[in-house]
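Listed next: structures, encoded as structure tokens.
Two complexes are shown next, each including subunit A; its partner changes from subunit B in the first to subunit C in the second.
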Partner chain A sequence: MTVTGSRGSLPEPATYSGRFRIPQSVLGYTLILLPLLVMGTLILYPAFLSVSDTLTDRNPDGSLQVSLADYAEFFDTPLAVRNLAFSLRITAITVAVLFLLGFPISLYLRFTRGRLGDLIQSLALFPLFVPGIIAAYALIRFIGDNGWLERFLVLLFGYEGFTSPYLRPAGIVVGLAWEGISITVLILTAGLSQIPDSLLETATDVGANRWQSFWRITMPLMKRSVLIVLTLNFLTVFGSFTIPYLLGPASPEMMGPYMRRTFYDANLPSRAQVQAVITFLISGIVSLLYVRSVVSQKVEEES
Partner chain B sequence: MTVMRSVAERSLRLVAGRPWFGICLLLLLALVVLGPMLNVFLWAFTRNWTYPSLLPTIWSIEFWDDTFTRADIAEGFIDSVWISLIVTGLSAIICLPAAYAFARMQFPGRTFFLLSFLATNAFPRFGLYITIAVIFFRLHLIGTVPGVVLIQLVNTLLFMIWIPTAAFQGVDRALEEAALDVGASPLRVFVQVTLPLVAPALAAALLLTFVGAFYETQGALLVGVPEVQTLPVVMIRLINNQVIVQYGAILSVALWVPSLLLLVFAQRVLRGNTIASGFGV
Partner chain C sequence: MSQKKSSLRNALSVAGSLLAVLLICAACAMPVPGQTAAETEVSVIDVYIGSDTNISDWWSNSIKPAFDKAHPGYELNIIHTGSGGGGNGPIADRAMAALETGNDPGSDYFETFNPLQPIGAMEAGLWQEITEDNVPNLANVIDSARRSSNGFDIPYRGSQVLLAYNAERLLQILKDRGEVGSDATEVPSEFVPATWPELMEWICAFPGEFIYPRPDTTGAGREFVTRAVFQANGLEVDRFSVQAYAEQYGAGELTADQIAEINETHFAGAWEQLNAIEPCLYDNGAYPSGSSAETRLLVDNLTTMITIWSDQALQAKGLGLLPEQTKFIQLDDLPMVGGYASSTIPTNANDLEGALLLANYLLSAEMQESVVREIGGFPAISWDLLPSELQEDFNDVITDTVPSFSSSWRAAMFDGWYTHVAPDVERE
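Moving on, here comes the complex of A and B:
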């Protein structure tokens, strides 16, 4: 048997079936059909159905007609608009906080060797190993009224003016930032590690100072990682439920808890559908940017 | 602008290569990241903890018995275990053959279909769950185990396809061909050569999926309640009712330690960046 260099042109020893040879493409499509079907039924179909449900009204004679009435109703409801604006504000703040925390940590890790760097990296990745519900519970005890943080401030610094962020908007930001910091650092350090030392050294050799090499070389090469971090964090935070539900105020509330209350407590599934589709539409551009940057990265890796 | 630049330039110069910056970062991260978990550990061994003492006033393990004899916790635990097992098994059956195909077979659109599983990350998660729950509502799947299993399955697709695909791609084909050349049947090559080589990565993918399903909260709460109450849903009730702090704390400690061990094991097996790959990196 000949051994060829490229992966694609190998003969297919494992796909004989009796005397008939099944074409590889047919077998391939058969094997990937099941997960694609699951994705179609559990992701694409529900999303599509909600879009079409909310865009059509049933006439008295039973026929359907396109109508934006459901959406008009959403934007005529002050509570709904307030919750949407609140969600966007919290999302913007959290995404910014995550970036401002994660980027310096990642830069530090990229340019540091040794035990200190390893320790910082382990700590930054630690939240990845704490399931969300346990993190939420721990944070309530830690940042809540009379919690550990307050006790530290009182006993060590004599600071009495602590206001707990628990059940306030800041509580959501704290919780989501705690959960999101690991993946932020992971993505940014992965991006930074792809910048070769030699490139930065060359820049220094031709007389660039640290700031110039950071701004002219590191940042342009980091564009994609930064875009992935910002878009992924936006989608995660905007689509979150558990942290806002447990750590946030009852009113205003983020879209996650609001949708659940509409669906479950108020028992209005069709109105919850409208709310869900509005979250899809608002994050549509962000989703596209996210998918596009990940796809371009993967395609580059494959080739 | 120039002022901002010079300020930024100066701070960058200050920070880079200075050990005190690293030490401050370390201490701050330790407080913020480890503080909450340590705090919960202490609560699990507390009878009485008055303000503003930094440590429990009276230590005790008396609540451990109470916690594990509570009917809702015991039932939640059993529900969680077998629902997670079903989700993991189902996900493996659905995804692993596909991962093999993605890694080994050439067909038009292969890359496109492999990347299409990113769709699971591209929706705001809870909005997507609501649209699924609406369908389950019409199909009377709300409050049923199949409903919870199906909604948790959504989360598992990307990991269960991308990690094993990378593992299968990593196997050196020369080894398999050598075995075929000396007369081994394709099935035997798969079982005795390929499978042992990918087993660690497959085990890691299964573990990550199991742990992910076990602690999955929002889908189970939306679709399972009130008939099906997994352990995270019981936790939510304990938090909302604010009964006794220790129940939640003990539950957190008892559940988190095994999950930590499993996840650390999974991460050891996988290359450093594999977990990030589940997020599309």
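Moving on, here comes the complex of A and C:
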């Protein structure tokens, strides 16, 4: 990947001296070989075994044959299909909520300077440093029945019709939105900071109003960052475990808790494998979008 | 750069990378310096604990110091894997893989584990058979503790699920309804359930005041569901033994047909009862996950009655974590199901002898007394072998029978609950 680009195209560093210098490419290969080995032996190989396991059936005589029976069983099980649909729905909602929350914050942070901006930035980054399980228990106390939120609403506004999202699908969305806001704001502010001030000033000079320069200049230049944020959030949310396990309803379940339960509690490892492969496939398709947008950026930069 | 030079560099770089990897592998395989003969005199026994933190704290603070002192050649290394997210499962998977390849399993003792797992472990000979020859104190273990064992595990501490209720809250509800006079100070006994059918009635007589947690997330939920299964099967406790399961369904992964058959034959009545009380549960069936999330509902005055482990209840009450007026009930018709935590020892343990020694030590009168005093559990050996004042101190929770339900049935029960009970709740 990156190695092919660096070989030959970069000048030799001047710091190497003497006769026994190590060619830079050797160093490059060595550096990536270990992670590649780890990935190959600990992730790719077991993943390959799992996938091939779900695709084969053992005949009574001991021979193997390719079969989609395991997948047919998954899609024949109403509960499994319901959980998959639920996971996709919750993921779509959470990704949308994260974007709608994160984009205005990032825009504000891009175009403002001062203490308030710094404060908002550190607040937006705060969830990054809180472990998921602690956040989940804190949220139970905050949004649960008789929680702080409910008490605030009663005290400040006299509002008593509060329905707690805890142990409801909305609880998962609230928890995951809290967890994901940091990375969303980080990526979007990084994207926005690449838009030079001069470009926006030029637009103002030729008579564009704020709305026009936002819509014609900022938005088109933000396309890639937005795509990255949507895909990354999709991957994190779709595969999440702790928040849906602690804040979500007993049923339907998201794929994370569903897989764990099938594997350990129900002791049905081959079903869990099928669930995992299906989850992996969906995540794989979304990762492709991510990789494509990153690669296209690289190609553009290099050309 | 010329073509020739660059291909030479390619070859060099590949060779160099290979050499680097070889060096790293060699470094991994070398023995760690410092582990010399002088230091290996003390043999370390790696104990994996997949239970709640009250158990791992007890191991670290009481068992380890006592065992290390009593057995100078050994030292316990306590590793807590947690009760959620698989617990000891991955460690057992590793021991199983190590058995096949002849490697170091990295574990000597599993505080609580089901010897029927991982699938194929029994056939492969992963777990050490426990007899009176290798664990002499096994002779003192009582029958009800042995019933849940298949001979390849050591039942060593029991506990039971109780009902805990906030008497103050219940009294207030009764006063508000005018069922008792406004000057009443105690809940009349007819408003406290004593049998399973009374409990079912109570739950719907006080809608929203009872909850049990998801059965796979804590024993407090699991044993409540198990009690429903017993009720649906005419309280025939013996129907759910390890042997009965193995005879009917073997030791492999269940097929779809078998799952359906188990639910129809053994569990259908339980699902019917649990579905019937569902609309009367707290917040229309808001099943919490885990014991702390459930206990919070009692502590924060959101419900009147929950299910709770005897050991956790006694500890929490002692620490003042439960409402002051919290009382405990055990059902009279058949006590709420409890069970014995069973330890397992892998046959490929680094120090098999030491692990067996530890098993024997846990079944000694001294450690069994610690089970009662420190974690509010039941001893696995007869009460007669323990000091008589102990029996008086713990009169509230002592029952003669702790019905057990073998873990092989549990997996099917968990799956059935999620398929037949949980999805009926509309919680948008």
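The rule is simple: the second predicted complex is superposed on the first by the 261 of 303 C-alpha atoms of A that agree within 3 Å, B and C clash if a C-alpha of one lies under 4 Å from a C-alpha of the other, contacts with A are read in each partner's own complex, and residues count from 1 in each chain.
Following the convention adopted for this analysis, a residue touches a chain if its C-beta (ideal position, glycine included) is under 8 Å from a C-beta of that chain, and two chains touch if they have at least 3 such contacts.
Here the structure is a predicted model, which is why all the values come from computation and not from measurement.
**Q** Subunit B versus subunit C on the shared subunit A, clash or fit?
**A** Overlaying the two structures gives a clash between subunit B and subunit C.
**Q** By the touch definition at the top of the document, which applies to A:34: first (subunit B), second (subunit C), both, or neither?
**A** Both partners, subunit B and subunit C.
**Q** Per the contact definition in the header, classify A:196: touching subunit B only (first), subunit C only (second), both, or neither.
**A** The answer is neither, since A:196 touches no partner chain.
**Q** Using the touch definition from the top, say if A:220 reaches subunit B (first), subunit C (second), both or neither.
**A** A:220 contacts neither subunit B nor subunit C.
**Q** On the A-aligned overlay, A:22 touches which partner chain: subunit B = first, subunit C = second, or both, or neither?
**A** second
**Q** So, does A:264 touch the first partner subunit B, the second partner subunit C, both, or neither?
**A** both
**Q** Tell me which partner A:146 touches in the superposition: subunit B (first), subunit C (second), both or neither.
**A** The answer is both, since A:146 touches subunit B and subunit C.
**Q** For A:43, decide between first (touching subunit B), second (touching subunit C), both and neither.
**A** In the superposed model, A:43 contacts subunit B only, not subunit C.
**Q** So, A:211: does it touch subunit B (first), subunit C (second), both, or neither?
**A** In the superposed model, A:211 contacts subunit B only, not subunit C.
**Q** State whether subunit B or subunit C is in contact with more residues of subunit A in the superposed arrangement.
**A** Looking at subunit A, the partner in contact with more of its residues is B.
**Q** After superposition on the shared chain, which partner residues are touched by A:132: those of subunit B (first), subunit C (second), both, or neither?
**A** After superposition on chain A, A:132 lies in contact with subunit B alone.
**Q** Once the structures are lined up on chain A, find the stretch of subunit B hitting subunit C; candidates are 9-17, 99-107, 225-233 or 261-269.
**A** In the superposed model, subunit B runs into subunit C at 225-233.
**Q** Which residues form the common part of the subunit A surface touched by subunit B and by subunit C?
**A** In the superposed arrangement, which is not itself an observed complex, subunit A uses residues 8, 25, 28-29, 34, 137, 140, 146, 241, 245-246, 260, 263-264, 269-270 for both subunit B and subunit C.
**Q** Of all residues in subunit A, which touch subunit C in the complex?
**A** For subunit A paired with subunit C, touching residues are 8, 22-23, 25-26, 28-30, 33-34, 37, 73, 79, 82, 137, 140, 144-146, 164, 166-169, 241, 245-246, 249-253, 260-270.
**Q** Enumerate the contact residues on subunit A facing subunit B in the complex.
**A** 1, 3, 7-8, 10, 13-16, 24-25, 27-29, 31-32, 34-36, 38-39, 42-47, 49-50, 53, 104-105, 108, 111-112, 116-117, 119-120, 123-124, 126-143, 146-152, 154-155, 178, 183, 186-187, 190, 209-211, 214, 225, 228, 232, 235-236, 238-242, 245-246, 255-256, 259-260, 263-264, 269-270, 272-273, 275-277, 279-280, 283, 287, 290-291, 294-295, 297-299, 302
**Q** Enumerate the contact residues on subunit B facing subunit A in the complex.
**A** 5, 8-9, 12-13, 15-17, 19, 21-23, 25-26, 29-30, 32-37, 39-40, 43, 51-54, 94-95, 97-98, 100-102, 104-108, 110-111, 113, 115-135, 137, 150-151, 153-154, 157, 161, 173-174, 176-177, 180-181, 186, 189-190, 211, 214-215, 217-218, 221-222, 225, 232, 235-236, 239, 245, 248-249, 252, 255-256, 259-260, 263-264, 273, 275-276, 279-281
**Q** Which residues of subunit C touch subunit A once you look at their complex with the stated criterion?
**A** Residues 1, 6, 9-10, 12-14, 16-17, 20-21, 24, 84-86, 89, 117, 119, 214, 216, 253-254, 256, 283, 285-290, 292-293, 296, 300-302, 410-412, 414-415, 418-419, 422-423, 425, 427-428 of subunit C touch subunit A in their complex.
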